[in-house]
Each structure stands twice: as C-alpha cells, then as structure tokens.
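Note that the chains take the letters A, B and C in the order they are written out, and that residue 1 is the start of every chain.
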Amino acid sequence: MDSILIQLLNGLDKGGAYALIALGLTLVFGTLGVVNFAHGALFLIGAFCAVTFQKILTFSKQVLDPNITFFDAYIEQPYLELWFGETGLAIIDYAVPLSIIVTIPTMLLVGLAMERGLIRHFYKRTHAEQILVTFGLAIVLQEIIRHFFGANPIPTPAPDIVSGSAAIGTWIGLGENFVYPWWRLIYLASSITIISSVFAFLNLTTFGMVVRAGMFDRQMVAFLGINVQRKFTIIFGLAAVVAGVAGAMYAPILPPDYHMGMDFLVISFVIVVVGGMGSLRGAVAAGFLLGILQSLASMTVVSSLFPGIDQIIIYLVAVVILLTRPRGLMGRKGVMED
Amino acid sequence: MSKPVLKISNVNKSFGGLQALRDINLEIEKGKVHAIIGPNGAGKSTLLNVLVGLLEPDSGSVTFNGGINVIGKSPHEINQIGLARVFQTPEIFPDLSLLDNVMIPAFSKRDGAFHFQLFRSLASETKITQEAKEVLASVGMEAKAEETAGSLSRGDKRRLELAMCLIQHPDLLLLDEPTAGMARHDTNKTIELLMQIKEGGMTKIIIEHDMHVVFSLADTISVLSQGAIIASGTPDEIRGNPIVQEAYLGGVEL
Amino acid sequence: MKRLMNIFKKQSDLTTILLFAAGVLTMPIWLDPIGANYPDLLQKFVIFGIFAVGYNILFGLTGYLSFGHAVFLGVGSYTAVWSFKLFTMNVLPAMLFATLISGLIAAAIGFVSMRRSGIYFSILTLAFAQMFYNLAYSVLIPITNGETGLQLRMHDIRIIDNYFSDPVAGLPSTELFGMSMNGYSGFYFCAVVLILAFYVAMKIFRSPFGMKLKAIKSNQHRMRYIGSDTRPYLITAFIISGMFAGLAGALLAVTDPLAGAERMQWTASGEVILMTILGGVGTLFGPLIGVGVIKYLENIFSAINEAVLHNFFSFMPLWAENLLVAITAPFVGEGWHLTLGILFMIIIIFLPGGLMEGFQKIKRRYLTISMKDSESTTKQE
C-alpha cells in the first residue's frame, strides 16, 4: 500500500511537469495553430536558468583554508559568502526557488524572440514545415546548452530546509514511517498552482476569453477586428514562461542535462494527443494520468510481470488511443479526425 | 422501362431529433439526366452523402444496376462499381499535370482499388496515355495537357474534373452543384459541356440550385423539400406544379 | 551540373541507370580533388544514400513525415550482426534477413500508423521510435546487448561457416564469398547495392504506382473517389522505405560489424529527414545530393578542433585569432550537430524544396536572362 502511494505521488510529480509542458503545447497549437517541436527546449532552458543562477551565485574565489595551518591550502569560497556571510550562504542555498525571479523574465524574452523571429513566419505554412523548423530549433538550442554546460547532468539541489522528507504519514493516518521528500511536495503544489493560475487567467480575464474564442475559431476572432498578432505573441510568451518555470523547479528532482528537453517533448506530444489536441483540460488530465501510469508501471510488482513496461507504457497507451479514439480523451469532435 | 441504374427505396435518415430524409423513393433511369432540386435545408446534401457511402441511412436500400448494394461501401468501392462524382469545389490533383490527372482515374479503373507491380513503366502505358489525351481533347483542354492543374481557373478545373470522371466510363455520374460559384460565362460553358456528355448517353444525377442549368439539362426533375420528395416529373410538369412553387417561393411562378 | 541533371531526366531508364552507375563507381576519382576519397567516407555516402533514397519513397512521394525510420536502421544492423554470429560471415544472408525483418516490422508499424495522417502519423512514428529505443536498452537486451552494443565474439556459433571450414583464429571479418568488405572493396560492394536500390526507386518513381503515391499526396480525398483504396498504397510505401532503411543498416554492420541502439535515436531519423529535404524532397536525385553534402560536411566539421582553428586563423593578430576561434569553435568538432541544426532551419525557412529547387530557380533565371539578351540584340538590329 505504501509503495503504491509513493509511486502515486511520484507520478503526480512527474505528471505535473508533463502537464505544464503539455499545457503550453496545447495553448500554442490551439491558438496559434502551430506545432512546436521546440517546446521541450523551453523546459530545458528553464532548467538551465536554475543551473546558471546557482552557478552565478556560487561564483567563488580562492581563499586560504583556515583549517589547515601548517601549509598554505586554498579552498573555493563563494563571493556571496565572503561579502554577506551567513546570509550569503542562505541565498546560495535557496538558489533554485530564487532562480524563478530570473527565469520568468528570461523565458519571456526567449519566448518573445522565438515567436517574433521564427514562429510567426510559419503560421501559414504546413504543419510538416512547422514541425521540421522547430525540430531544427530544438536541436540548435540543445547543442548550445551542451556547448556551455557539457554533456553530464548537473546536480542542482533544493534548499537545505526542504531537502529532507516530510512525515506525511502522520497527516493522512498512515503512521510516522511514511515519508515523502519535501521538495517534491512543493513541486506538486506549485505545478497545481501554476495550472490553476493559467486556467483562472483564461476564464476570468477578457484576454483569456479572446484566447479561448480564438482556440475555437481563429478566423472569426480575426474578423472581429481583434489584434490577433499581439495576442499570439503574448500567449507564446506565457507558454514559454510556464514551461521554463516548470523546468527550473524540476531541477532538484532530475539533474538537468542537455537532452532532457527532447525526452520530455516526445512524451508531452504523446500526452497532448492522448488528452485531445486543442483541449487544455485534456492536456492537464492526460499529463497527470500518464505520469501516474508510468510511475505505477515502474513498481517491482509490475515490472516482474512485464519487464520494461514503464519505459513503453506511455507510448502503448498513446497508440491505443490514437487508434480507437483519435480525438483523445477530451478533444473536440472533428478536430483532426481523418 | 429498362432496369434503373440506381434505385433508392424507402430511405430514412435522422440526426438526433431531426428527420433529414423521409421515406425517399427514387429511380434513376439509364441514359437520363435526373436533377434533384430543393430549397436549402431540404436534405439534398444528406441524400448525396447516402448515395456516395458517407452516410448510412437508418432504413431503406440503395441499389446499383439492379443488385449491387451501395450502403456500407466505402467511397473507393462505390467508384469501382461504376459511380463517379464531381464535387462542389472541383477536386483535382493540383500538383500534377492535366494529363497525369486524367491518367490516374484510368489506372484506378483498370487496376482496381489496390495494385502493386514493381516493374511497370509509365512510358510503356501508351494505351492509357492515348485515352487520356483523347478525353482531354473532348473537354477542350488538350492544349494544356502538360500544365500543372493547380494553376487552372475554377471553370477549367471543373472541366478537368469532368474529364477525370469520363475516362472511367462510369455507369452513373453524380454532379454536386457543378456550377457553384461560377460566373455566368463559365456556367454556360459548363452547361455546353454537360450537354455534349449527355449526348453520349451517360446517366447523370445533378444536384443543383441554378434553375437555368436544371431546365437546360434535365430529363427528369425531383423536388426535395424538408426531407421528402414532393414532386417528380418532366421539367414542364415541375414548372407548372403549384406544390413546388409553394415550397420554393411561396407561390411565385418559376 | 544542371545540364547533367536535365540529361538524366529525359533519358530512358536504361541510360539513366548507366550514367548513375558510372557516376557512383567512379566516385573515388571525382571526389579526390575535394578530399573525400577515402573508403570510410565513401562507404557512408553510398550506405546513407540507400537510406535516403528509400525514405524519399515515403516522404517525397506520399508526403507522410515519419520520425521513426531510424528504427529500421537499427533493426537492420542488429539482424545482420546476428546473422554473422549465428550463421555465416558471408554478407548476403545478413542483408537478406535484415531487409526481410525490417519489412515485417515496417508492416506492423505501418499498419498501425497509417490509420491516421498528418501530425498524428508523425507523432505515432515518433512514439514507436522511442518505444523501440527504450526496449533496446531494457527488455530486448538479450537481443541487442544494451549499451555495450552487439558485437562479434570468438565463440559465436556461426553454423554454416563452421560446417564448411575450420574456425579461424581471432575474429573473422565479413566477406562476400571470400571478398573482404574492408576498404575500397567494401565501398564497391555497397556502391553496387546502391545502384540496384536506386534502380528500384527509379522504377517506382516512374511507374503508375509511383504516380498514384504522388496523387495521394496531392489530394488523398479525390484519390478515394476515383476508386483507389489509399491505405494499402501508403502501407506499401512505408514497408518499401523501411526495407531500404533495413538494408542500409545491414550494410553499416557489414562494413563495421557492430550494432548499437544509438542508431535508433530520433536524431538519426532527423538526419535522414534533413538529407532528403536538403537535396530536394520528392526528386530522384535530391536525397543523394543531400547525403553527399551532409556527410561530406560532417566529415570536415567533425574533424576540426581548436588547434586546427588556431592554425587557420594564425595569420591574424593574437586577439583577433582568439576571438575568431572562440566564435567558430562551437560549430565544429562536437559542435557539428549545432551546425547541422542551423543548416536544417535555414533550408526549411528559405529553400524548402532543397538544392534541386535552388538549381531550378537558377536555371530559370539564367533562361530569362538569356531570353532578354536575345530580345535586346534583335531589337538593336
């Protein structure tokens, strides 16, 4: 029972990341009509925003090691610690959550640049060409990251105070021994918060209303004289920020490395398709569902029956859904049905 | 009376609460041009979709050439049994040359729904190439044989589409609003062309709005209104039929 | 060059294939001046040429964009190596099995994937590709040997070989009835295979079947209404292109008998897509040009490292030299993939019809210029 619960929570965590990426993908596809294969790269850039921020904060200089006295030994000491002592160390400790302050504007910039520089020229082109050019962009971004950060995963720890586990067993009556890492709980909470904010934005603001209308019938919205282009740019920026923040927060859970963008992208596309292309709720639901499914499938109970199933279960589900119900779980009828 | 090419018996179709087709009975005679007209929403599109296999009726039957059941067949099967159709917006192969456009239906007719033969060369298909050129000539487009079909005007695309149907020598040609969206000039040319084809004795169903077209070409007219056939007969009979006038224009004479 | 292309197009099948064969077999000669005349690279040209030509039959003719063709490359390699291990070092059975098994798997994947079109189809193929890739590193390890890759061993049973002759000392090498597959002889063998594969592709392009595939790409809806069942056509095209890919995979193992799952990564699929598009999708020769350009550039760029760059820029003052090296370094050596990605984007944005389209445009401009010239000269008279 315990392990099922743990896997469930793991799944919700992973599912949260998937849902956030899928949400952005669906927003872009539903409103702009663009298939963006570079979306995973946005997640990647976000993760590396956290990494970079941490690196900057721990920028060090060589300083005499006070503990070794009989010869001159040097250790690296971060500037922040030198200047601000304890507070400096605390800031470094909180690098990841603080990085969000930097991640948001960075992702906004990246998203705007991408939309203005590339994506908008492909609104009228075929889906195949959109896929191909964003695929190329994904490779370029990934290789740039590899150039600057190397090919190995870079551990980016969460703040000390939350690096341990919470005794959530006591909260839900499963006893003191049931624990779960704090940061993962925080991640789950923040992904739900972000998703809710996005939905609130879409449902409660005028801008959001226009977006939803545009997802339903893009031409009509344009005919109504609404400046669609500016809205598109903002939406793309929003999607980029969501994906980037999801990536930054995920860094402690999975040490970022240069090909995580593509790994998450493939799964996210599959999720968008399962949830229903053009359905925001579907994307989120499918993200969490498939995250849970993948986690449950990795339990030893299951993997002894079907070895390796956790690797492929998402794809199997996608294949089954694409064949039996191509509009996905919650897609609108007629969208992309052959 | 010879065996009808198409026999529609007791066809009913509803969508939810709406009865789109009500007990339709029609017989299309061989060699005749049978027009189906009716005000908007009368059920013409629904009937058409039943005839081409896109919709299955709730009840009734549609039989071809006396015995072959149309219902439940996919579009390519229906074409293989002898029904060719023309679409409201001309459907051609825009990336290919006119000659290729006409050759492909011929191949399809000859080879069947699927045929794979590795070492057959286009250059050796002289018979079909010749037929294609002749069919293009019969619609007056042989000069443009090597042009890309996508660059044609709408009227020319319609002619090409007709050529694509003709090369298959279908038993029944179904024309779905063939002059839709055309200017007067193009419409007249299309009527001319269709009259030419009519002389060849091909059975045709035309679904049309344009009365000029209908009365120029049709041998028989059936009027559809609110899902049911309210009148069927020769053009003169229909012209003077008060029920038809009522259904269309509230009593104005046609 | 363009005139040669025109000659190719208008000639009969026989002339085309003879000219092509001549061009391929003399590659060591005419590639020598640009420094491409060594066996490894030449082999890559022809092997990936087979892959791209086959891929073009699907993507170029039907327009269906598959992201999973690298799977067949991997399947072909693994099958070939298993043939070497179980039966004989003779390359023919290896190639035969690889092509057949790739075809079977392509039939399975194609049957499922072709039930949808457009983006859905592409995502389905991507999903299958990831599935196979993951399986290769987990469940299928007995077949694929996981990360280590599948290699020849001394104790391989090699039933047929060992029946006819005594086991040799050390690891045997692949051969065709005694002819070694290394170096130039390996290249010539693969070149012959390419010529045969190209012949098949050419026949398909110029057949009613090929024309029907193009029609499906042009207007699948209309195709159905003139009596053709489009799904079997699409699945057949998929299977054929899968078999070409499997054959290419087998040849990779023939020239270098090991197989690894990295061959099945989506990046490998991406590479063949780029090669096809760069050259000119839907044309007979386009993919081959694309393969040539990409593999040639890869060869050059991957070999350049910082030392070479410094050398190159050494004639400049030190600050300029360092600056230029810093700017160009990310694009060479390991950074070749970056350059590839940028090239990919440039082509899609500016010249989606590939180099063949570029040639056409130049030809047309040249023709109009020369027409204007002759007009003005006649006016002067």
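A few notes on this one:
Heads up, the rule we're going with is that a contact is a pair of C-beta atoms (placed from the backbone, for glycine too) under 8 Å apart; a residue touches a chain by one contact, two chains touch by 3 or more.
Owing to the predicted nature of the structure, the values given are computational and were not obtained by experimental measurement.
With centres computed from CA atoms alone, C is the chain lying nearest the middle of all the protein shown.
Seen from the C-alpha centroid of chain C, the farthest chain centroid is that of B. Between the CA-based centres of chain A and chain B the separation comes to 53 Å, rounded to the whole angstrom.
Computed centre separation for the pair chain B/chain C is 45 angstrom, with centres defined by C-alpha atoms. Work out the mean CA point of chain A and of chain C, and you get 34 Å between them. Interface residues of chain A facing chain C in the complex, by the touch rule stated above, are 35, 118, 121, 127-129, 131-133, 135-140, 142-144, 146-147, 262, 266, 269-270, 273, 277, 307-308, 311-312, 315-316, 318-319, 322-323, 326, 336, 338. Within the complex formed with chain C, the residues of chain B that make contact are 52, 74-76, 79-80, 84-85, 91-96, 100, 103-105, 107-109, 111-123, 125, 164, 168. Of all residues in chain C, those touching chain A in their complex are 63, 65, 112, 115-120, 122-124, 126-128, 130-131, 134-135, 137-139, 266-267, 270, 273-274, 277, 330, 334-335, 337-338, 340-342, 344-345, 348-349, 352.
Of all the residues in chain C, the ones that touch chain B in their complex are 12-13, 200, 203-204, 206-212, 214-215, 217-219, 221-230, 232-233, 236.
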